[in-house]
Structures are given as C-alpha cells and as structure tokens.
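Okay, so chain A shows up in both of these, paired with chain B first and chain C after.
Presenting the complex of A and B:
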C-alpha cells in the first residue's frame, strides 16, 4: 500500500499512432517499508482519535435537541422541510394562479389543484389547493416547480391526528384570484372575488364519510358523491 | 526521597492490615471455622455487589461517552442526565422471556453465559485494588489471569455452538480464532513487565513499581509493551474495532443472537467487566497499580500525591484505560477477519518478540531507570 502524491501529477502530450493525446502522468507509488507503514497507520488512527476527542470536549457541537422541553427554542437546519404552505403577501392574498405545475411535479400525486371560473374576473382561478400530507414525501419538487413562487416548506412538523382523513389539508384560505390579479381590482370587487375556504374543506378520501365537526363539502359537479352516495370502496373521491 | 512517603503508608497499611482476604480467612480457620465461612461469604457477596455496581456504572459511562463522541447526548430521560437508564434496562432484561431456541443444546445453552461471567469473576479476585484490599494474591498471578481470561472464550464458544444458529456458530468460531491469536501478543507484552519485576505475583509487581511505573521506567520497551497489550487485549475482549464475533452488520449479533433476557445480560455484563479487567491489568502492570504518581526529587509534589488514597489512584488509572478503550470503539471502524489476522501475526507478534528480546537484554545489563534497590 502507498499513497499517490497527486501534487506531482503532470499533464503531457503524447503521440500514439500519429494522434496527439493528452496524458496525465502519475508518479510511481513509492514503496513503503514495514515500519513506515505502521507509522502511517498509527498517524491515521491518531487523527481519527483527535477528531472524536474534539467532539467529546466540545459540548457545543452536540446536535441532539431535547425536543418537547425546548419547543420554544427549537433550532432548525437551514433547509429543513416540513408542512407545505401557500405563501400569502402582506395583504393576505396568495400568489397561486392555479397553473397545476406542482400537481404535475408531484411524484406521488399528493397535490390536487382545483380551479373554478371566477365570479368577478371571469377567468380561471384557484378554488381549492388540496395537499395530502399522508402521502407526501416532502421532496420539495412542488416548491421548485412553482413558477410564481407561491409555495413554501415550513418548519411545522407536529402533525399527529387521530384520523387519517385529517391529514388532507386545503391550503388556500380563500378561493379567488392571486395577488397579481387582485391588484387590478377595486376594493369592493376584491371582497366579492374572495370566498373563504377552511383547512379541512377538501374532498375527503377513504370512504367519503363526513367527519364529526367537519361539514361535508360540495364540489361543483360532484354534489351527489359528497352528499348522499353510500361509502364507496373505490378510493379518494377527488 | 519520595520513597519515604510510600513507605510511610505502607507501614500504616502494615499496622492496619496488610493481608489479603484469603489470608485473613485462613488465619481465622485456627480460631473458628464459622469465621472463615463468614469471610468467604463476605468476599463473595462483596465482590458480586462490586461487580454489579461496576457493570452498571460502566454501561452508563459507555453510553454517555459514546453519545458525546458522536455529537449526541446519550441517555437523558430516566433520572437526571439519564443516570437510572441502565437500572431501568436491567429491570427490563430481568422481566424478559428467556427463550431457548428449538433443538438447541439446552444444558450448554444455559451454562454458557455463566461460564463467560465466571471467568471474569475469577480474574477480579486476584486484582490488588489497594494495599488493604485484595481477595487473593497468587504467586503466579499473571499466569493465572492470562489463563483464566482465555477460559472466558469457552462461554462464547459454547453459547455459539449450542444456539443451533449458523450466525452464532460463525461468531463463536471467529471469537475462538481471535483469542488464540491475540492472547499470544498480550502475554508477550505482559512478559516484559514480568521480566523487569522478577515476579508473577500481582502484589509483587505493584510493589516493584515503588520507584516508578514500568511504562517509562522500562526504557522504551515499557511503552511499546503497553501499546501492544492495549491493542491485543481490546481484541481479546471482543470490543470494536475487533468485534467481529458480534459483528451486527454481518452476523446479526454473533454468538449472542439467540440469547435474551437474563442470559443475554450476563454476556453483556461479562463484556464490560472484561474491559475493567483489562484496565486493571494494564494499570497494575504498567501504570503502577495503586502506587501514586511520583517525580524524583520533588518532595512537596510527592507528598501531595501520596495524600490521595491508593484506591483512588487504582480506579483513576483503570478508568483512564477504560476511557481509552471506549475512545477506540467510537472512533475506529471494524476490521475484516483477514485484516485482523494480519495485524496480529504480521505486526503485533513480530514487534512483541523483538520487544521482549530487547527487554531481556535491558534486564540482564541492569540498564533501566532509577534502579532503586
């Protein structure tokens, strides 16, 4: 065994069969004697031991956090990814134009964007932004795909619920045009254009039964499915 | 000189009680046989209690140190800083079902953990903890310790063989191969000190270090022997980086795959106590046992050092060695079987022989530091 001294690697032009070829010339590996090998090995071991000892004597390098106790002062790594969120501007308007790029980017179909024809603007706008947290892998592809930077991965990670259906969120607070379109409307029209939506307003999957305290929702064209049909076993209603 | 301090407390020790527990018991035989029985029972119960407490403390220390070596905290929940975690685990292990695999060799399966544990207990009896505390002093102490610690592998071999499981058997066979190889180097390293001290008795070896510890008094060969002993004995007690008999990633636990509950905890405890034994042997032979740290000519310093009780010196040294072994474990990756054999037969053994030869030349020419007498 021996180490290659990479600082002595030279680049040369050599002619092989009349063709000039650039060649990297690596110096011969120096043969090490028995004692040399042992010394090098010991040096490597000492290096490792110094590193771990450094960890031992510097408690500030500990990454473990005592979670429930330090909830208030929890430290998150820079690129920590938890619950998805729609970004709202200072006026409380979302930025989503309903282009469905995130829905197409999602590898496991956890996102469903439902659009409607706006009652005020007459154009397509976001009705419901449904995010299935239960099947989300937090891969961040939706955030990267969004052309208007309307999505964000937050640090909210406490998601325990007693019913799986409560993991299906409706991310938009109102159905209506995004901030860009809102800017063109006057005060009165803005109010008319917005229709409130709550967190659990999405089409509930599994067997489609309504949950206690959460009224069944009605989606245009799917009234029957949401209100009266007996529980179907075919999967998500959406 | 500094000798005065040591002799003072050896004299006080002599006035007080300079006999081992076994000698006291045999003296009592002439007076009353029940006193002897009481001595023996006291010794047994005392050492078992000490071993249990030691095991708990070592396991806790290992977990804490491991945590901090890896930027973690270690146990934090049970009690302040998790100090009762090991105790809780012991309760859990006691409550667990003791499963014996189908078509296992039942008698051997039950016996194996006790063999492993028994070997360790037998070694613990001869270690001189302080001038006042030693259970038995054998005139062949070093030989006894090397022989008995080789006996501990019998438990592992039996456990692996009787489990009716190929992983267990592989792990046990590896353990056998390992201990045969590394026992040689460890003994060669111990021989160096025996040459210098001129005695095999552990108490005698400690007393021969009154003028300085063999690790530096032995003129260079001492430190080489110490390093060889540390490496070889780490391998002997199957600790990482030499833990191929267990090898979680390849043998799913090795020889103790099929053990659970109480019997598993015996193997586990034996492993940790073996670590203590290795620390105690290294401290006794190379670091002066319970002798305090003395510098020639520094009267005041030596007096201060002499004030620290010998048992504190002994345990301080032992825990230092244990810390180093834990440090090894949490730094180095595991060796492959062939690497393990190469390290022993091609590196440690030749160096050990050369070192022993050099040591005998030094002893013959009387060429070592501060020859006191």
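Presenting the complex of A and C:
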C-alpha cells in the first residue's frame, strides 16, 4: 500500500469552448501520519532499490555502446545524415551538371558551385563544388533539391580537425562534364576534358573572406566601402 | 485574476536591511546562466531572505539567435530547419507548426498517409521529450539513476527516428507538402515492439521515482498554480492542464490524424508540482495509445504531394497556425507580400516563454530547493524562449 495508487486515474468528461473533452484526472498523494510516512518511505525505497539491483544482475538489458572501441562494428541506418559527397559512377565520373539548385536550396550558404567553360565541350561545366562543413546543418535540402541525384549524405561523422579551414571541402575529384556528357565523348577527349581537383585544392578562404573568383557581397549604402577593398585576384590553383 | 506588473524601480530596489541584530538581511543571488538546473543558458535573479526566496526574476536572452529575423531571409522550405533549433526536444512538432502554417497559407491539401505519419512521429517525439524531462527532473531532485534510465529510453526511441529520418535531434523531417522520407518497411513492426517495451518501463518509472516518498514530499503542494492565474499568464500545455484546464489543441482544434484516435487529456486537480509531474507521466501513456491506434491504419499513397524543389507560392496577407507541442501551444504568424519565396515577417508564439514567467508568481515564499522543484516541473527549453 503506497502513498499513491497509480492505477486510480479518474476518467471524466469536461467541456471547454463548446468541445466535449474526455479527461484523465491524475492521482493525488494521500495524507499520512508521521509513522505511516516512515513505513511507506522504507517500502518505496526498497522497491526502487530492487529495480536497480535487478538491472545490476541482468546486464543483458544494458544498451550502452562502447564508442570509440566499437568503431569497427558501428552500424548506421541507410538514411543516416552526415558528411555530404558527390556520387561517382563506375567509371569515376560525377553526375553534377552544375545547375546550382543545391546552392539555392541551402539555408545557410554552405554550398558554392563554381562553373567554368569546358575546354572540350565549350559548355558550362562544374569547376569546383565547395562545401563548407563548418556551417552545414545537415538539413538534407540540397540532396532533395538535386535534379540529377548527384548528391548523397554519407555515414562519415568524425570531423575533428585542428584548423577550421580544413572543414571547407572541394567535393569534386575533377573539373569537367558529368557522366551524361562524358558518354558522348571519345577516349581522348574525355582525358582532355578532365582536370584533377584536390579535396583542399586551391586557396581556402577563412569564414567571411571572399571566395576566389566571386565578387564580394555589396550591401546597399556601403558600395563605397566595398569598392575600397579590392576583390581577391588569386585564381584557383590547378 | 490580474497579474501585478512590477515597475523597473521596484525591481531594482536594494535588498532590505536587517531590522535588528536578530533578523536576517536580504540579499540578491544569481542563479545561472551557467548552471545545470537552468537547463540551458537562463539566468534568475533571486532575492533571498535566509534560504527563502522572496522574489525570482528570470533574465532570458542568453541563447538569442535571431531566428525570427533569419526567417525573413529564407524561403518557406528553408525556415523549417530553424524550427528544429528552437525546442529541440519537440523538433518534429516545430517542423510541423511551420509546415502547417505554410500549407494553410498556400492552400496545400495533404493526403491521409502524410497526416498519419506526421501524427505518429509527433507522438513518439512527445514520449521522447517527456522521458527526458522525467530523467532531468529526477536529476534535479538528486536521483541520478532516473537520469540514466530516462536517457536509455530516449536513445531507443531515437534509433527509430534515425532509421526513418536519418537524424536524432535536429530532424527537419516534416516539410511543407509532406514528409521528407517515406517510412521504412519495418517501421510499423518496430514501433509496435517499442510500445510493448515502453508500457512496462513507464510503470517502472512509477516504482522508481513516483513512488518515492522523498520525491512526493518535495513536489506535493509545492508551487500551486491557480487555473485563473495560469490562463491570465498565457500558460499552455501540461503546466495549464495540471491546474485542471483541459486545453489541448489535439482535442479542441483537432489537426493531423488526432480526430481518428481515442485518447484522454491528462489533467491535474490542484495545480501543484506533483500534478505537473504526473500529468506528463500520464501523457506518455496516452501518446502510446494514440500511436498504437494509428499504426495499423496507415493508408497507401505518396509521402509528398509536391516536388521538393518547387517554389511555394503564398498569397499576400497574414497567416497563423498553431499546434500542441510537448510543452504547449506553438504558434507561427507569417506575413507574406505575395512576391518573395519567403515571409517578410515571421513570429513564433512559444509555449516556454509564457510558462517561464509563472516562476516569478510561484516561487516567492518557497525555499531555494523548492524553486528548483517548481522550475523543473515547468519543463523549460531555453532556446525556444530566446529563439
């Protein structure tokens, strides 16, 4: 006999704003004398302790994971959202046509897609796919917005580095046309169309500094101040 | 009942000097902003006489990120991911509140599948949120075991979310026009297993903490909130329901698939900390009932009624949408000029902001340890207060 009978939830009908609402009135603690209180307290404590000791002698019910010792056996659900990557087909060609839909969908400007005029095809193609992990919120909107399914969220979640600049990645392995356009080219032209790109290739700007080849944002009324600071003239390194 | 508003002059008056050598002198103490009981960065200025709190003044604003201003620069789709970061224990309900308002404004019709998936997910999140609140209340009262047990259940529910959504905390799952992913094939079986696991666990909670006399003595008759005062201060959620007012938007203005489910609204009879405690424990059971009833009736259909990259057109005007999160009524006002991809003004009516100020009415006269019991029973999430 405890101080509260937890099974005693009183069911009632109440009316609020003309709507009939079935309510469950929660149980209250009964009034007890001092001696009763001591007895009930001892009983309640014993019950609680029996529960904790029950878990102590049944370790199979413990769900704690021993990270990082279990890194090799860590299981991820298929949809787990961590670092972004460009998908490559079996020939090693990416699927990104550089349409910038992901850049527009990104809520915090973590994605910058730079295009160039292709030396072989003469059309616009992907030059750099810059993803700023440091400002990414893993909201998945870029993956959803991509019309050619070129993006994917991987299961790589360990991102500790010593310098924040190392969190700005260049996702494409090469600058050049996507797999679709590559299929139309012959072997020699494919080699000419591709230019290798490193993960950290090119100058990596600090947060807030202008990106190479991108004019700085000009806020109305501050045009003069913006024109005084010359934009970065450094081109992307090959 | 009118709430007495204090002037700045009254708030800033120096503590009273001791009347004689035998009586004590009043003094001010800062509780927080960096303190485990504040559940985040929230500061309380407490005027103390001995150990009795004479006045408790909340000072919010330490986690202000300007979410409402940021919404003005984002599109309706992008706004959703910011609502995760307000009340992160009911992230899905935050997503839903934004989506619901945008759908109402843009006139998007949803199918039954989307509504039922949203309802199931939101109710699972409510259980997850209340489990964590229970764990933290135990921790505040000095029961570290409860903290670990609560986190165990939270992780088990989190794994279900992770499988279907891909994230555990900031999910960005409920989108205007549907949900981001369809449910996994094994989702229904897994949730059924979870319900059969959680039912005895919630009874275990009663054995472990609710049945403990120390906890009962610390919560009973502490911080009695009058229903009239609660209504006049704009309290919602379990805080208001514990005072006996059955205001629950799931019943009063049914949205989603709540009209299809049979459940009771848990209410208290006195409005003290115990009622606020047990209303939430009871709500966990009711939420499991809702999920159980809806699981078998998920109809076939698409999980999105519009393509994920299509721009949402909202006509010119002001729109409001609200729903019940685990802490009360979350409302969103949108002002649209009918041209841009996003709102020109957005304002969130957050339940925690109104629930917070109750502390200044409840705490005076209680000891410092009791103010912590009252604070814990209010279940505040600070990032939603500050936004």
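Please note the rule applied: the second predicted complex is superposed on the first by the 139 of 238 C-alpha atoms of A that agree within 3 Å, B and C clash if a C-alpha of one lies under 4 Å from a C-alpha of the other, contacts with A are read in each partner's own complex, and residues count from 1 in each chain.
As a convention for this text, contacts are C-beta pairs under 8 Å (C-beta built on N, C-alpha and C of every residue); 3 or more make two chains touch, one makes a residue touch a chain.
Given the structure is predicted, the values throughout are model-derived calculations rather than measurements.
Chemist: Of chain B and chain C, which one touches more of chain A's residues?
Modeler: Counting contacted residues of chain A, the larger count belongs to C.
Chemist: Of the partners chain B and chain C, which touch A:40 in the superposed model: first, second, both, neither?
Modeler: second
Chemist: I'd like to know which partner A:63 touches here: chain B for first, chain C for second, both or neither.
Modeler: both
Chemist: So, does A:161 touch the first partner chain B, the second partner chain C, both, or neither?
Modeler: Neither chain B nor chain C is touched by A:161.
Chemist: Which of the two partners, first being chain B and second being chain C, lies in contact with A:199: first, second, both, or neither?
Modeler: In the superposition, A:199 contacts neither chain B nor chain C.
Chemist: So in the superposed three-chain picture, is A:147 touching just chain B, just chain C, both, or none of them (first/second/both/neither)?
Modeler: second
Chemist: Is A:81 contacted by the first partner chain B, the second partner chain C, both or neither?
Modeler: second
Chemist: For A:53, decide between first (touching chain B), second (touching chain C), both and neither.
Modeler: First partner only, chain B.
Chemist: Enumerate the residues of chain A that count as touching chain B in its complex and touching chain C in the other.
Modeler: Correct list for chain A: 45, 48, 51-52, 63.
Chemist: For a test of understanding, state which residues of chain B touch chain A in their complex under the given definition.
Modeler: The touching residues are 65, 67-73, 76, 327-328, 330-332, 347.
Chemist: What part of chain C is in contact with chain A in the complex they form?
Modeler: 74, 77-78, 81-82, 145, 152, 155-156, 162-167, 170, 172, 180-181, 203-204, 206-214, 216, 220, 245-248, 251-252, 263-270, 274-275, 278-279, 281-282, 286, 308-309
Chemist: If you look only at chain A, which of its residues touch chain C in the complex?
Modeler: 2-4, 6, 9, 11, 14, 16-17, 19, 21-29, 37, 40-41, 44-45, 47-48, 51-52, 63, 77-81, 101, 105, 107, 137-141, 144-145, 147, 153
Chemist: Chain B touches which residues of chain A in the complex?
Modeler: That would be residues 38, 45, 48-49, 51-53, 55-56, 59, 61-64, 66 of chain A.
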